[in-house]
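Multiple structures are listed underneath, in structure tokens.
Both complexes shown next keep chain A, but they swap its partner, so chain B is in the first and chain C is in the second.
After this line comes the complex of A and B, so read on.
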């Protein structure tokens, strides 16, 4: 029997996406489509609730016993191809929250950049979120690949969504070409894996490879898989597309790519490598590869961010560096490393999303993304000034913000496995990153405004920004609850 | 004037009586946490109350904090060794992180220093006119961070509080500074955080290499149980020393300091030179020496040379400065060299000297920066070429500056003398390193720096305060300091005098931490 709880959040997302498309038919072209937005938000919130309910049931802490028809068993579907364990649930939580915030940013964005395709945009966001969400619980490489493609093909569309805008078109085209290439690489690598093991189930691949000796073809397969997935999370040297795509895409899409897409990529990495390829013959190879990629991303991402003038480009390079930091925790692996990765992704979600929401709000008023136009934000909207300071410094890993605890765990995990040099590089380049993050904070908080007119926002945006700031500061001082969740999630991989 | 006095005295009295001396174990409020939280609460209050209240709230909080600091100093048990007023709350158990606060003799002195400078800084900031509210918010948060760093006994929280203090400093210098303020602010922040990058990796390496798996400094302080190998210690000690040293403006990583102090607003220079900078030497004694003693014995004689260059080089540079504040800034760098040199001797008198010099430098540097700021506020220039004969227009400030200069020079009777004397005594007594009397050979060079200090301070006094009045405007426009300007400076002078005239309680307190440390790790043979 199919345990539909295993993919209940995805049902909500896809259902909401179809409803949005159907309701769109009844709208006149120039109305404001409030219902569509409501349906989309309800869909994501419903997905979050069902996820929470499922998590509660599995851990035995759900107050509503009626919804726990399965007791505390981990829901599994399609012959074990989908399994929503605590790890998948944690990734889903990040992806769904990112989707919710992306929707919020997009409502603001469409007010400033009117388009007739609101319904399509919302639906595609929901579809790609569904793809990312399925990816996190995929236990089998074909499912994983299909889910990943659902996510990325939707992303190509989203990147090119402003069809009259040249840079958006460029972003979409670039993303498509390089993305298709990397997907092909990934699939090629997968086909070798299947050839070697005769199975597509990740856990069985691990078992079959356990006795295998290292061979050049197997190594090639691993390299292709790493390259294909590294592209998705923009690890250097597969990061070339990132700045152009981040700059050219509509801001909500950039936000979505930088958080949800990256989280999904790491979810794929964790399952594939720590379950399927965590065998003596291959582990040294891919850990070495990751060490190189992580250090390259940290160095290149941070150095190339220094001369940036456009805040979205800056965030693109910043996200490359962030992927590098997270990879340092990922390659350390084990309970400690994966907990650190999960915790950092959670923190990264709030920091990045709040900054992108601030970018969208500022852009809605000023129409530019140039850093120099952020001068004197503190006078125009003190809250945005605070958000930029807190969000960016959390990304830089400065206490008392959550990014600091996150980096502490990531680098701690790396050091515990003997990768002290990666941690040292990471910390030194965090100081470099501080320079460019502070340049934005300096414009926002120190300089005087050229145009002192206040920047308005609605109460939802205000609430979200305040909650994000409170979250980032609280998690810096008191990370224990989220850490515990992350620990449970990480340990579910090893059971 | 009376409202100012009332704002000072009322909170002072309240906080002073809040904690009863006898019932040490049964305090209603955990003393040390209160000292971190008071400035943070003050910051929040300032944030939500009207702008004209900001300075009053800040002053009240500072006075309250001062009361707590004095109280801590008085009720501190001078017989028992070890940490007192310990608060220990488990925070992340499986990662060995706990929220542990506690003070021993050395950190109690440092906490007293923080409260003194906080109080003086709150008064000096009285006439801030631009973006008042934010100014006092950052100012208060900064103090909360520094106080936390001095009280923390857990490496994680130590690091957290330390960096927490750096960030408001960036904004204070960047927004309210003078001259090339944005450059200076960025330089200062990047240098300090680069130093702390080594600290963080070092802390994590210690945690994962040691056998005890905790960030608790008390548990890590015994090499016999942590089992850190000599080669590990030899690798990490110099990195940690330099990481901490950057905060104390260790040569060649000192260049952030003159630029930073030159540009910072007065209260920020006071806090930075007075308490944040002292954190470097303090953390070497608190963390690097006890955790990595073998590394210390290998490296300290060589690092002593860096400290000596600090003393001498900064003093020579100070001689040539054209800006009033830069002279003081370089003087502060030079004094930090003395502190680091004292630590390097690895001898009880030398380390006690370093602690007392840290305290003294904190008070005296804060006082001197307060004077420079006040004079600048009145004369509107800091260029030495344009200043002259100010003693005629501002006799009280002039007299106070002469006193401050003497304290910097190390005149007996003022605090500077005690620290420097002990440092040199320590270097004389220190053991031989590899059969060579390195400290005995080095310390006469250090004494040269003292002479240079006397030269540049006397030159400063002569140029700025004596001689003819350079600018005729000075005569009509420049007035002597008002009550709120004189009060903080006089207060700091009294503290400096107290240490200078009766150093025993201070040295005894410092020795409570230093004697067991030296017993434990042993000096040079």
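After this line comes the complex of A and C, so read on.
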């Protein structure tokens, strides 16, 4: 019997997407599509609620016992191909929150671009969120691959969504060509893996490989898989597409790619490597591989971010560096490392999303993404000034913001497993990163504005920005509640 | 020798509501802060009475809660109340629970703090009336109260430290409350910088405790106190004492407190007399189980305490600013408290902390009322004869004077000061056998000085003829009741507060001492070859000494003005030194400050600007820019190039990992 609880959030997302597409048919071309937005938000919030309910039931803490028809069993479906354990739920939480914030950013974007295809855009965002969400529960490599492609192919469309805009078109095209190539690499690796083990279920792959000795072909398969997936989370040297795509895509899409897509990529990594390939014959290889990629990403991402003048491009390089930091925790692994990865992703969600929301609001007023045009933003909107300062300093890992405790846990995990040198590179380049993050903050807070007219925003945006700042500061002082959630999630992998 | 009582298994009572004591003022601060913010942005106008109601309501509610809890706790004082609020920090071996504990010591402190704070909150309504920053003021005041309660209730050194820094921060905000005045902003800065030096000591102590014991929890530390050897305990105690000396204005870090009088007077009463500055004494008492292991550190504290008491009292003799006299008097009284805890008589230190809190708050509030009546005049040479014009305020001030001078047995600080003097004499010192006698004599002489300068103050302010401006005189008026009543309440309170600790030697019950005694980990004190029967006699002696001080001062300043003039002329050199406050500020300015500034200049101009930015960073920037330029070349924007890089990257990885 299928336990639909295992994919209830996805049902909400896909259902909302279809409803949006159907309702669109009844709209005249120039009308404000308020209902569509409402349906989309309800879909994501419904997904979040069902996720919360499921989490509550599994941990035995759900106040409404009626909704827990299955007691405390972890819901599984399709012969165990989907299993929404605490780890999947944590990833889903990040992805769903990122989707919600992306929708919010896109509403702002619709206003600035009236010719936008609102319904299609919302639907595709929801579809790709559904793909990312399924991916986190996938226990089998074909399911995982299909989910990943659902996410990625939707992303190609999203990146190219500004049909009349040359750079958006270019971004979509590049993303498609390079993405297809990386998918090919991934599939290539998967096929070898299947050839070696005769199964596609990740846990069984682990069991089958446990007794095998290392062989060149197996190593080749691992490298192919790493290369294919590293592309998705833009780890150097597979990061080349990132700046071009981030800069050219519509801002909500950039935000979505930088958080939701990246989180999904890490979810795939965690399942595949810490369950399937966590065997003595292979582990040293891929940990070494990740060490190289992490260090390269930290160095290249931070260095290349230095001369950037466009804030979206800067955020692209920043996200490459951030992927490097997270990989440091990932390769340390174990309870400690994975907890750190989950916690950092959660923090990264708020920091990155609030900054992108600020970028979208500023762009809506000024029509530019150049850092020099951020001069004196503080005077035009104090809240945006605060968000840029807090969000960017958190990304740089400055105490007392959450980014500091996040990096503390990541590097702490790396050091505890003996990868002190990676942590050291991370710390040194965090200092380098201060230069470009503070450059933006300095423009925003110190310089005089050329045009002093205030920047308006609606109360939802204001509330989201305030909540994000509160989260970033609170998690810096008091990380424990989220840490405990992350610990539960990480330990569900090892049970 | 000191006998250490072994740590017995204490049973704890779990309480669900301890958080309320601290949360109420926090809520008040949030509400007031929010309202003030909104009214500053002109979203809505907030009437001052709303701010006042929230702040005073929060403080009084907190007092009622703590009083109720204290009463029910008192029924079974052997089992402290504990509440684990949340898991604050969790990172491998570093684990901190945010938890509160109400035991005999923190219970007494909490009731005392919330009581005095409530009265001062009420008084502030009148004092700060018509001030532009009314809402801001009450926000800070409530925030301070919250921090102070966290400091006292914290069951963990780190939680205590949170409160410790919180009160320091609020003190900074309130000293520089009128920051338009540069001198006042500077005073705030001085306070926080000097406290930074002390806090560096505190942090060093924290790190050392953690390195040795692996925990910050008081009860776990107590259970594992065998990890502290005499050497490490001494070091820890000295580090914490640096922190305590900063916060509680002891030599050599006392210099910020007199300047802190730049803040509004109720702030001086609450923060810089009754509560915050006594945090150092509380810290030493809370860590008594480490301090009894370190006789050297305790001796040093006693010596510094008594020297500070003497030193500050001499400066107070010649001050002409009504608040400065009280400020130096506070420093001096804090010295007494440290003398008490330094001779390991923790309950006498805490006893004096409480009585002093009452009468000094009363004196400060009355002084504020005087200043209020005289339209901001603070120079006592321009006062005089105020008794008939502002009778209520005068009455309050005189009650405070009786309490601090110790001229009426059973009233005010008489018993508590006497207890400290007695313990200083009766506790044998393991290092210097003659020290108790020396401590006693200095402390006794200081009590003479105390009576002298306080009498000089009241004679110059309240008696004789008015010497100030005519214009001010014509508008002379008593302060509103919202100000005079709290003054009188504190004045009357300070008359009776001493009764909680009437010494057993004269047939008293010594309730406070007996209540606190089980908490402190000293069982008995052998008399220093001094018969307990001596205590009443010594009490009589200090009574006479105090009266001598009063009589002399009254004679010199009240009846025969020529005497004080002659005195001033004969000792003109001494007077000059005292008026210059021993030139300590100047000394620091030319040594410590000049040194630090020179280093700072060297670091910023030569090391950072010259070498680091000028050479190294320049080199680095060039290297980075070149790399970035090269990387930009790579980032050509051509899809085929990117594909080639991916392929090359994968190929390189394959080569690396298959080859090895």
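Keep this in mind: the second predicted complex is superposed on the first by the 494 of 495 C-alpha atoms of A that agree within 3 Å, B and C clash if a C-alpha of one lies under 4 Å from a C-alpha of the other, contacts with A are read in each partner's own complex, and residues count from 1 in each chain.
Throughout what follows, contacts are C-beta pairs under 8 Å (C-beta built on N, C-alpha and C of every residue); 3 or more make two chains touch, one makes a residue touch a chain.
Note that the structure is predicted; figures quoted are calculated from it, not measured.
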item	value
Three-chain arrangement built on chain A, chain B and chain C clash or fit	clash
Touched partner set for A:442, first chain B, second chain C, both or neither	first
Which of chain B and chain C A:393 touches, first, second, both or neither	first
Chain C versus chain B, contacts on chain A by residue	C
Contacts of A:220 with chain B and chain C, given as first, second, both or neither	second
Contacts of A:147 with chain B and chain C, given as first, second, both or neither	neither
Partner chain(s) touched by A:300 [first = chain B, second = chain C, both, neither]	second
Contacts of A:480 with chain B and chain C, given as first, second, both or neither	both
Which superposed partner A:289 touches (first chain B, second chain C, both, neither)	second
First, second, both or neither for A:408, with chain B first and chain C second	both
Contacts on chain A seen with chain B and repeated with chain C across the two complexes	408-409, 412, 416, 479-480, 483
Chain A - residues contacting chain B, complex	378, 393, 398-400, 404, 408-409, 411-412, 415-416, 420, 423-424, 427-428, 430-431, 434-435, 438, 442, 445-446, 476, 479-480, 483, 487
Contacting residues of chain C [partner chain A, same complex]	86-92, 624-625, 627-629, 631-632, 634-635, 637, 639, 641-643, 645-646, 648-650, 652-654, 656-658
Chain A residues within the chain C interface of the complex	173-174, 177-178, 181-182, 185, 216, 219-220, 223-224, 226-227, 231, 237-238, 240-241, 243-244, 285, 288-289, 292, 300, 303-304, 306-307, 336, 408-409, 412, 416, 432, 478-481, 483-484
Residue ranges of chain B in contact with chain A within the complex	91-92, 94-95, 134, 156, 159-161, 163-164, 166-167, 170-171, 174-175, 182, 185-186, 189-190, 193-194, 197-198, 200-201, 204-205, 207-208
